[in-house]
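First the structure, which I've put down as structure tokens, then a few questions once you've had a look.
For clarity, chains are labelled A, B, C, D, E and F in written order, and residue numbers in each chain start from 1.
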Amino acid sequence: MQKVVTFGEIMLRLKPRENERIIQTDSFSGLYGGAEANVAVSLALLGDNAQFVSKVPAHAIGQAALGALSCYGVDTSEIHRGGPRLGIYFFEKGASIRNTSVVYDRAGSSFAVAPAEEYDWDQILQDAGYFYFSGITPAISSALQKALLAACQYCAKHDIKVICDLNYRGKMWSPKDAQIAMAKLMPYVDICLAHDEDFEATLGIKAFDNDMSHGIEQRETFIQGMKEISRKYPKCQTVASILRDIHSVEDSKWTALMVDHGEVFQAPVYQMHVWEGVASGDAFGAGLVHGLVHHFSKEKMLNYALAASVLKLTISGDFNLVSDAEIQAVMAKQGNMRVLR
Amino acid sequence: MQKVVTFGEIMLRLKPRENERIIQTDSFSGLYGGAEANVAVSLALLGDNAQFVSKVPAHAIGQAALGALSCYGVDTSEIHRGGPRLGIYFFEKGASIRNTSVVYDRAGSSFAVAPAEEYDWDQILQDAGYFYFSGITPAISSALQKALLAACQYCAKHDIKVICDLNYRGKMWSPKDAQIAMAKLMPYVDICLAHDEDFEATLGIKAFDNDMSHGIEQRETFIQGMKEISRKYPKCQTVASILRDIHSVEDSKWTALMVDHGEVFQAPVYQMHVWEGVASGDAFGAGLVHGLVHHFSKEKMLNYALAASVLKLTISGDFNLVSDAEIQAVMAKQGNMRVLR
Amino acid sequence: MQKVVTFGEIMLRLKPRENERIIQTDSFSGLYGGAEANVAVSLALLGDNAQFVSKVPAHAIGQAALGALSCYGVDTSEIHRGGPRLGIYFFEKGASIRNTSVVYDRAGSSFAVAPAEEYDWDQILQDAGYFYFSGITPAISSALQKALLAACQYCAKHDIKVICDLNYRGKMWSPKDAQIAMAKLMPYVDICLAHDEDFEATLGIKAFDNDMSHGIEQRETFIQGMKEISRKYPKCQTVASILRDIHSVEDSKWTALMVDHGEVFQAPVYQMHVWEGVASGDAFGAGLVHGLVHHFSKEKMLNYALAASVLKLTISGDFNLVSDAEIQAVMAKQGNMRVLR
Amino acid sequence: MQKVVTFGEIMLRLKPRENERIIQTDSFSGLYGGAEANVAVSLALLGDNAQFVSKVPAHAIGQAALGALSCYGVDTSEIHRGGPRLGIYFFEKGASIRNTSVVYDRAGSSFAVAPAEEYDWDQILQDAGYFYFSGITPAISSALQKALLAACQYCAKHDIKVICDLNYRGKMWSPKDAQIAMAKLMPYVDICLAHDEDFEATLGIKAFDNDMSHGIEQRETFIQGMKEISRKYPKCQTVASILRDIHSVEDSKWTALMVDHGEVFQAPVYQMHVWEGVASGDAFGAGLVHGLVHHFSKEKMLNYALAASVLKLTISGDFNLVSDAEIQAVMAKQGNMRVLR
Amino acid sequence: MQKVVTFGEIMLRLKPRENERIIQTDSFSGLYGGAEANVAVSLALLGDNAQFVSKVPAHAIGQAALGALSCYGVDTSEIHRGGPRLGIYFFEKGASIRNTSVVYDRAGSSFAVAPAEEYDWDQILQDAGYFYFSGITPAISSALQKALLAACQYCAKHDIKVICDLNYRGKMWSPKDAQIAMAKLMPYVDICLAHDEDFEATLGIKAFDNDMSHGIEQRETFIQGMKEISRKYPKCQTVASILRDIHSVEDSKWTALMVDHGEVFQAPVYQMHVWEGVASGDAFGAGLVHGLVHHFSKEKMLNYALAASVLKLTISGDFNLVSDAEIQAVMAKQGNMRVLR
Amino acid sequence: MQKVVTFGEIMLRLKPRENERIIQTDSFSGLYGGAEANVAVSLALLGDNAQFVSKVPAHAIGQAALGALSCYGVDTSEIHRGGPRLGIYFFEKGASIRNTSVVYDRAGSSFAVAPAEEYDWDQILQDAGYFYFSGITPAISSALQKALLAACQYCAKHDIKVICDLNYRGKMWSPKDAQIAMAKLMPYVDICLAHDEDFEATLGIKAFDNDMSHGIEQRETFIQGMKEISRKYPKCQTVASILRDIHSVEDSKWTALMVDHGEVFQAPVYQMHVWEGVASGDAFGAGLVHGLVHHFSKEKMLNYALAASVLKLTISGDFNLVSDAEIQAVMAKQGNMRVLR
């Protein structure tokens, strides 16, 4: 089974217990996560050969982050130890009309301040079949943009498939900076995930009006945007998107689209009661990659990815702690009680 | 007030805190429960004279199980002490489309390995008016089938009413084994509770198509199945069933039917937001028995049982920790805001 | 900025963890709150100059209550120390059809047994612009009725606006006693909040049929009742009310009305998923007062108050721990996904 | 086996988690206890027939208190339901040189405000062999002094042994009041427990200099004090005392004396590492009573009581949750590693 | 670096929170451990190549056990999945004179019921340098005795060093059964750990009088016993023992002896304040093996093992979560404040 | 009462629950603290007028830090809001021979990156009587060294007493850097606290041999060192030091010395059982300042400071949550059971 390499940051996530707010709590749950780390954990839990490449500090917090990955079977042999600190994010779950919010405390992390040369791609990628990163990684530092470019170039030479989740984060960089950076990387990308504001902020493509309460009805503009990505970056002939109607923190509808070599696929619509609305995009990406590795049909790949993604909404923490059997069970219930067609 | 004797297993229930999954947690809530024990606790909380008969090990875990029953007023004087262990079940609450799941670790328990002769029914049942068991008890061991037969025969001779909740558990025995065993016990049963798959798996009667998302609309086949039970086992002239439309872990509709000497009764429909979907059948059974003891009309008995049952969906743990006043309050609100007619 | 003085009781609130019932728990969260204290905290968090006047015992529990207020910026310099005890209330959150319930243990508190002379209004109110109390304070003792009358008379002489939330509590006094007491205070009130049963129980005015599942459709009788208040107490030319359709513990719709000098204003309707249905009336009152202090238009004042109020439904504890920015964000989303017009 | 009746108050005990102070915590463990209730629980756990007589409110907190007793096998059939509230005490465990401290919030409890006639001693004591109370009960109200006198008089007439733990509490009454009240009860007492300041405060007898760091070396004055009790109250021919050297919250030495018809017995000295220094006197009293019921020799009775008492120092909560086997194991290790002779 | 293979059972350990007893708790910490698993975790944390061989069930509890090992870097590729259940033990920490106690619930585990043929030693041990087991493994089943014999024979043929911790458990088998089983395995053992009662119960050699309060002064009889082992089993020229004076649950003195080819080594004496007195023998064994792998001098090996062992007394859970640097720091402080020479 | 101004950093302190290590925990207690903040809280709790000057970020974590100070009465009006982050430290409590350890994650905090000009000393100090800082503040940045110099110069001109706790932190700067920086500030210091390694690392004065197990016997060299400080910095005629014998994490002896204008004072020796060995130096400093403000005699001032300091060893968190009465009670017990003379 070919190795999937993911490259990004892992952080400590601190969340107040029992729905408390940060300003009132004296008790935090402390878990670890990060977009590409989450993808690696998902793949490892699905039985794939997943390696996460990153850097964490050489103290107890760094070791705990490593342990959190090893625990679920991720290969951590290329996670470097050193540098000043592990990034942190405070996660405050919302309720009803009060949005979930995040306080980032990630500046100056070991991963952020490491030079591009830290990563020896010849060695890391020598037996890889897939390389996965999200738009968060290049947003962290120009060194990481350089490191990513080197990795992508290696992949291009050695026929390693590159998957990129655009994952725009407005708190980390501006659309302008994102577009400059991603324009250099997109030519190497084989499969692209673009959700919500990603189209416009990262690639300058208009596909979504930013009203999260009515994403699903914008199906056509999404499809146009997805096709536009393939036009602009011809290597990228597979583009996938999650579409949502978010009614409240607990209540939303989810579906997904994929455009593959011009052909359009749509997953079913799920009506969800959300426990924790975080990292479902990573779960979706991992589902797609799992489908790739196992040569699923495009339709199955998309449905599998969406089922994985909505399952994540029921899980505590960044990691999508579900099994292949559980994802398949969700898929099997389409048209049944729990899924809206 | 005549004593109600219930006979079955009590187990330690371990549940991860705050919606975590078993594979990620290091903290379990530890409560005690089991179908017939739950019925005894309900009755004791309603002020009835309830005795639970069972066997638990003579160590601290066994003592804690006893304490959990005594705490709510159950007579534990006929719970034997000894044997190897207390059965355990791990309870992982689901969310939305992720099902609640249970890992059983109950094999080899003190109750399971005790011989039929352990229980002296002449003494236990001498001042009883009602004897309650569920299909779980005979599923545990052939010794328990033998013990149940002896108890039922004693009841028949001494005019003690026998109530049986069929309670089929596919992880414990096959339909074939269940049907053989129950065929020997059913002739002694006065009141039978049959839900969902119980009809077919335990008695070979077709009443429900196993689609939990559309139970309520199958009212007619349920009624036919219930009547068929009374035809097959003429002593059993009262049969009751819960019917549900389960949309997700949190969201479901509940109603109930009773066929008594051929007459059909239906309870109102409750739209429920579920906290913990466990042991609501036991709460229903206890409600029926409470109605029997207090000579409720059939209609009131059924409505009371269903109100108790849906209240259980709002309670943590196996025991239905509600009062008579709370059940009556739920019943009084039919046709009001909280209940759909 | 003119000081807002609120006068009432602060209590220790004990709530079982993770949705447990009181009879099964051995673990309580311990927070502090009380109607007028909650208003003071809201105002302090919104940046207003808020002082809470009360009395707490001179031991650790009293000090903790003070700390809970200081923590959020409330001026506690006129909270007296002494007397026997801090009032307590046990808070048991319901679920679905099981109501949230409260066990009061507040009799004999330091605040309840203090004499009217304890409070030197000349000093306390000398630089105040607003005085706020709820109907709970006069329900506690006749001394407090006397103290309130003295405070109101001072306000009348010194042009301090008096705001009163009628806040009827059936467990504390009868409608008859409430009506006698409030009839003495209402002539001094400038702005009155009347919700649900308050109209009839406190003022003998019929406005609501007490069916909490259908409050919103009773808009017209509410308006008549509000106008009746202004007719009866001509000083009181501003009356505001929350109207609700409560479907279950988790699920309700909220709107609000204000009648100001005969003109009627209505806020939008919010569809809410409720986390903790307590103290939303206090949050509403604080929102109104904040609008007064900052000279909001009547329409904005009402909308702001309701947005604050529904946000409270998403917060743990009695205090409405939200910022002005969060309230404004909720208001901005009217007509959008999260709010029903 | 003859019934032991104990009579007193049960309270809710609230203790901050993990060694926190009251002024910093937002989380309390909530257990139930009280001197005479603790004795009843100990006896029930030792297999004796123990009944606790008291009054608790008819709401959930009262029910939880009952459950806490039933859980361990205490007969609660004579605990009345009604009245305003359950007494509370806040328990803040100290450390090293910081003393453990208690904030009482027990005034106005259901037990405190009940009239003397509430208890029908003819019925309660009809099949009792022993009646146990502590000096806390008469300290609560004059009605309770009256009720105790009635109970003691019944005991005298019916040859029921009366055991009294003097248990002086300076926060509840003055030495003067204590002496007046106890002078009326002591003539009925068969067995008296007097520790530390009890001699002087309750009976006006000088036996201890109040320096808790050097109790054991005052053996002789203790013995004189104990003999003086028997001289003053000739019915009381058995007096027992715990003597301690308390070095810090965690570190102390414990022994005990008994004077029986003039004969002196001394238990071994235990060097203890204390987990929770509360209710060890009650554990001692229960040990004595257990010895009485089972006709232990005086020496064994004393040693048993002390072993039970020091075991309590290792237990969380007011109840001494230990078995007879555990007490015997501690006794057996005298002269061994864990006990200083 | 040569692989160390350890072979044994891993269990779920359930421990009541905050020093509570099992009969009073409703909250358990849930961690995983077992003698040989603990050794593997220690070695992995020290950077060694450690593999744990075992069998766990194929459900979530089994997966969690695997994760707990992977988390710290143990090779879990030869842990089989299947069978009925994971063994459990309930761990109740004592205090002062109340002993820590354990309730085993391990019968019928997946490991216990697996046949000897389950393990393919040719493959498992092909690149191993060391094989480690404790006396617990053969105590579980005769199949495991057979499996161990096969493993030991493979080791003898392939020059793999065999390390055995005698680890007698009286609750699992009798001295007689232990002696019969171990007599077959001891001829293959190169290094033997024998503590306390192990000498007599497992090998029939008298070395210790079973008074845990005075182990250290029995140094000479321990040495004789250790030499006797080498005489009886000439392959076993290295024997190591921990000697202790246990004064209370919290307070004890620790030292260790090693006899290597007749030469005696003694480690320093540590005065310990114990947090959790469990698994320190496993930590000791791991320290010895680490010394072997890295060719420490005998003296350093022993000192290192003891330092690791006493550090374990300060750690929560079965795993000795310490680093090489921390062990070295403890060793360096001999003769300093924290260590008694 | 003259205001005491303290100037330094406040951080979020994350500590694993129940003695767990960082690498195993998923649950942190989250409290706030920092040397000078701790001093301010102590003073506020003692009733003094204490102001803490600092900078925290403008998000929820910053607000929570402010709340933690306001809660205990500290004036936070000169704590600026803005900048990137709040410093964090992970606190892992040790046990016995395993040291307590700290992982700093404080680089780049809002306080660390603020320019010297941020603080307007003319305004801040205009009504101050005392200015307190520790050696941690200048270790953070050169801007803070500049800010401190400006503050000290203002104090010198306006007769505000300057108190400095040298508080050397090896993880923050080298002795060389510390000595250069402190040499510029010491000429303005009136009262200096120097403990342990502070003498040599911060001032280049030899007073202590760095063996924490034998501090108390080095009394004479401490006194010489203290006198040397006054010689070198003639304005500084009061120097105070804590001397300790640390036997283990739980077990240590504490005393203190003060040299005032050449006169030597010594506090009693306390034998301590330590709960949390952090921030006791800050508690000592606060005790001294409280003595200054209230014109205690030198002897009382020292004894008071030491009593406050050892009480801190019994408290959870950085803040010394004790009252004046509790400090006085500790002092009163000298020569008694709890204190060694």
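Here is the rule we go by: a residue touches a chain if its C-beta (ideal position, glycine included) is under 8 Å from a C-beta of that chain, and two chains touch if they have at least 3 such contacts.
Chain-to-protein mapping (UniProt): A, B, C, D, E, F = Sugar kinase.
Bear in mind the structure is a predicted one, so any value in this text is a computation, not a measurement.
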item	value
Relative to chain D, chain with the most remote C-alpha centre	A
Most remote chain, CA-based centroid, reference being chain C	E
Same-interface partner of A-F, chosen from the options C-D, A-C or D-E, over half of the pairs matching	C-D
Geometric centre distance via CA averages, chain F-chain B, whole Å	62
Computed distance of Cα centres, chain F from chain D, in Å	44
For chain A, residues that touch 2 or more chains besides their own	18, 21, 23-24, 26-27, 29, 67
Residue ranges of chain E in contact with chain D within the complex	18-21, 23-24, 94-99, 211-214, 245-251
Chain D residues touching chain C - in the complex, by the definition given at the top	14, 21-31, 59-61, 63-64, 67, 84-86, 88, 90, 92, 101, 103, 105, 107-108
In the complex with chain D, residue positions of chain B that touch it	67-68, 70-73
For the chain F and chain D complex, residues of the former touching the latter	17-18, 29, 270-275, 310-311, 313-317, 319, 321-322, 326, 329-330, 333, 336-339
